[in-house]
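In what follows, structures are represented as structure tokens.
Each of the next two complexes has chain A plus one other chain: chain B in the first, chain C in the second.
Moving on to the complex of A and B:
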């Protein structure tokens, strides 16, 4: 009896999302990456950070699935441990700059005309400058470390978010329900934070996954240049930097972490495209 | 003369924005210098400077003055082209950068060439055969290439093409004994100036792989932009008219559809030219090329922070200027932008 009742419900919910095979693939990949980042390091052997010179630069084998690096450390388990560092840092960066973007957009949309103008010119400056190079400068100045790179990327990443969100908020202010709330005597602060902002945040929902994809790439680049995570960190960019001298004698030490960066960046980029198309199906045209 | 006034207004706005951006950049770099841990005079004088030398640097940089005065003096020094002094070469950073700039420009020039050479034909075919196998394959290719870290692609291609198959040189800018006398600093240009064909070919051979890697990083954007623009143009009425007239697909694409879709592509390519100077930092060291990126990379490795920050200022300025030039050129290339300016702000 219960089957008869549940079956249509299940069908209806499936129809609601109606994922294509490709979309299932992207979702699975992203969930898998997140699961690896969250739970993977729990299973890592203690030797991930210990060198074992006698066992160095071993090609992939049964004991070390992706071989070992110059210190004799297992490449596979370092990737798993590095996944947490990379993804956690990227989430942190995107969250931090989104918060900065939200704050500036709210002030610009709610504030007087001159403040809006000033903040938008500030955004213009941020958009016109090469983000990665400025982040590199900040990270180098604060002293190269993963922390510096995260802060540097957070303080250079906000302009696009601020610009987009401020535009949307200006549109939301024009909607009838805002006038209604004003008539009811809702204070300006409450109006902005409780009514206009929540109704404009859609743009961030659409944007965040793609942002993670780009951030993973930039973080790996900064670490490779030497202003991000430092050895012996298992962060992927730093791993590539310390393995680059061994590319001709032990290709797996370089190929594996780079492939991890590429897969992560591509997976989150595709997820971003997917969310964007679902929110705005007219984009499917292109 | 409304047209002239619209031009002047457009130019003034863009110029103003460029100046504002440069000022913002300078302020950011000043902030970075203030963020340096420890004593700035000690940092600027170098690790093994004597107390007297540190004091001399403190005097020269005016570090005893209030921060606001320091800031104004810092801007003044920048206006005179003083980007600071490297602790490693002991030369002004600007002088160091001028030496290696031609090499980076050579790389960017060839990268831009390959960028357009690869992305434009693929974009045209993909848009024309929309939904087909080629379209699907090239879109997947663009996604995959767009997600790859450039420095990693450089390392892998260097290993496969340079070490395993030996089709391109692994590193450097010239084979030993094959370099033309240095005049500009860009090996291929030097070879041309010296009329040395063998050296020119050798220089091209060395720049091939680095330029391709840098191009790969940017060509996915060109591909996407061109494909989207072409899809729009191919839907318009005049294309149907061209086809009805009996023009071949090739003629229609090359003479009618492509020219009408190129504007966003050229704008993007212009901004990419600036961005490429910055991205050289990811490619140059892998191939042991000289250049601004390699200079910056070494600055990080040798803890020569003033060299790094000077390079940030230099690259940022270059990007701003390139963007300004692109904006101005666009005005002359696309009549629609001129008329849009009549309506005041376009945003």
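Moving on to the complex of A and C:
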């Protein structure tokens, strides 16, 4: 009954979102970041990767808006080029570990009790270990590179997704329409993939946006420590790492990529909160 | 009164009926905990349903009527089902999960109480109705065509346009039709209806009953109708089985049972139906409450609530006696020597 009543309301809100000023700000920021990551590098001058020692450590000026680094490369354009690496890698990481999480959650929710127990204890272990330290170990073992960092984060990032989704799928299994499909002879596998999973996934949409923000930060950290993207790369963490010796003499070389990491991470985090609040009207007042 | 008209319109002639399902000594135990002892929710019942026959299964909440129905399709994963469920020559109790799923939807289908929640909110109506066929290898176009014709048959307006709608775009009555279409598209021979009208308002209730009535008459579909609404029973079913605490108390043709109930429990149930020509403060209720399956009293489970009980009732479990044509009752009152029958027995009434 409640669905019948709320349906027109939902349809109306689909036509008109009624964003607040703050929500517009967050959305603009996210769209801008994505646009920069996708199209920005197309406009970058060829000199982004070329060193020009005579022009090194220049403070911000008309030619180099954010100054130059120790190699004389333009900091602004390196940020733009690095945005693509950083965001693309983060999307990849979140997608990969979400897939692992969805697969494990489905198996746990559908499988026999012992398998569910085994997978959930494995998840407990995954949750207990600090993700970044484990990722650090994996990436170091595979040899420091961007790919290693991405793989390491993908195989350490899934536990929360798996735990969350498995719980929701267990709830969805109890919904009447699942029994309704079961009495028609729908097989268990089809029940899981066609009915239960689609009806459980919406929570991941919320989680996804927030996860991008966290992943940007962790990826930059791994690169900063030296197990992720390696120096010639414009990846933000690697940029900070190579510039950190000049923080006292040329602050812009460190502050610019640091601010980029912070802004991106916060923007996606806020996007996640925003979607969550819109999904759950009871949170809206705050 | 619409119910009575319906009865006259579609009642088939009483002819010897071919048996479709025959249940013998069906016992369903629910385990307490993972390895706990089983609690017998259904405690050894026998009945049969003929081809195209409409049988009502009535009883209070907790009497085991839904568990019985679910056992016919082996729906409860943890239930221990024993006895025999002969469906057209196959013992359903012995089938594996894989084999039984071929019977679901194809031979036996089920509709439930609340049509609102028995549809997948994210799937279109067309896909949902067609699913029973799709999982059995029918092509997409063909399945859709047949979904459309079933929806048409069940009176869903503009079915062709609405195949791509989602459940929330349908009203309660329409959703129950969609649920029925899902159950009927596989052309089952037995439809189990577990209180399909309880959640609907009275007008829609009547529409759905009419629809079920039409469809079962047209398709020769046997219906096992689970309800606690005796008015619905009177209008729809040919035969009524009364369950009490996991056992059958009485089984007989609807007219006979309503006119001359044999079991004191059935008498109480019929007496408890509110009547429009009686004062509300005179509403009758059977004293006491049904026993929990773990603490079923010895002898006849009904004896502590029964006004006509005597010594034998607490000592000995009454057998289900055949009394007259197709009528059975489990009560010691009817298990006396021929010259000592109680006054309310059918032969004297």
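As a convention for this text, the second predicted complex is superposed on the first by the 267 of 286 C-alpha atoms of A that agree within 3 Å, B and C clash if a C-alpha of one lies under 4 Å from a C-alpha of the other, contacts with A are read in each partner's own complex, and residues count from 1 in each chain.
Convention: a residue touches a chain if its C-beta (ideal position, glycine included) is under 8 Å from a C-beta of that chain, and two chains touch if they have at least 3 such contacts.
On a predicted model such as this, the values are computed, not experimentally measured, just so you know.
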- Task: Figure out whether A:190 sits in contact with chain B (first) or chain C (second), or with both, or with neither.
- Result: second
- On chain A, which partner's contacts cover more residues, chain B's or chain C's? B
- Have a look at where A:176 lands relative to chain B and chain C in the superposition and call it first, second, both or neither. second
- Of the partners chain B and chain C, which touch A:198 in the superposed model: first, second, both, neither? second
- With the two complexes superposed on chain A, say which partner A:133 touches: chain B (first), chain C (second), both, or neither. first
- Counting only touches as set out at the top, which of chain B and chain C does A:248 meet: first, second, both, neither? first
- Item | Touched partner set for A:226, first chain B, second chain C, both or neither | first
- Touching both chain B and chain C, residues of chain A: none
- Using the touch rule from the top, collect the residues of chain B that touch chain A in their complex. 17-18, 20-21, 24-25, 28-29, 32-33, 35-37, 143-144, 146-153, 155-156, 158-159, 163, 227-228, 231, 274-275, 278-279, 281-282, 286, 296-297, 299-301, 305, 308-309, 312, 315-316, 319-320, 323
- Listed in rising order, the residues of chain A that touch chain C in the complex are 1, 3-4, 7, 175-177, 179-187, 190, 194-195, 198-199
- Query: chain B touches which residues of chain A in the complex?
  - Reply: 121-122, 124-126, 128-130, 132-134, 136-138, 140-144, 213, 217, 220-221, 224-227, 237, 240, 244, 247-248, 251, 254-255, 257-258, 261-263, 265-266, 269-270, 285-286
- Message: List the residues on chain C that touch chain A in their complex, please.
- Response: 73, 75, 101-106, 109-110, 112, 114, 116-123, 131-132, 135-136, 167-169, 171-172, 179, 182-183, 186
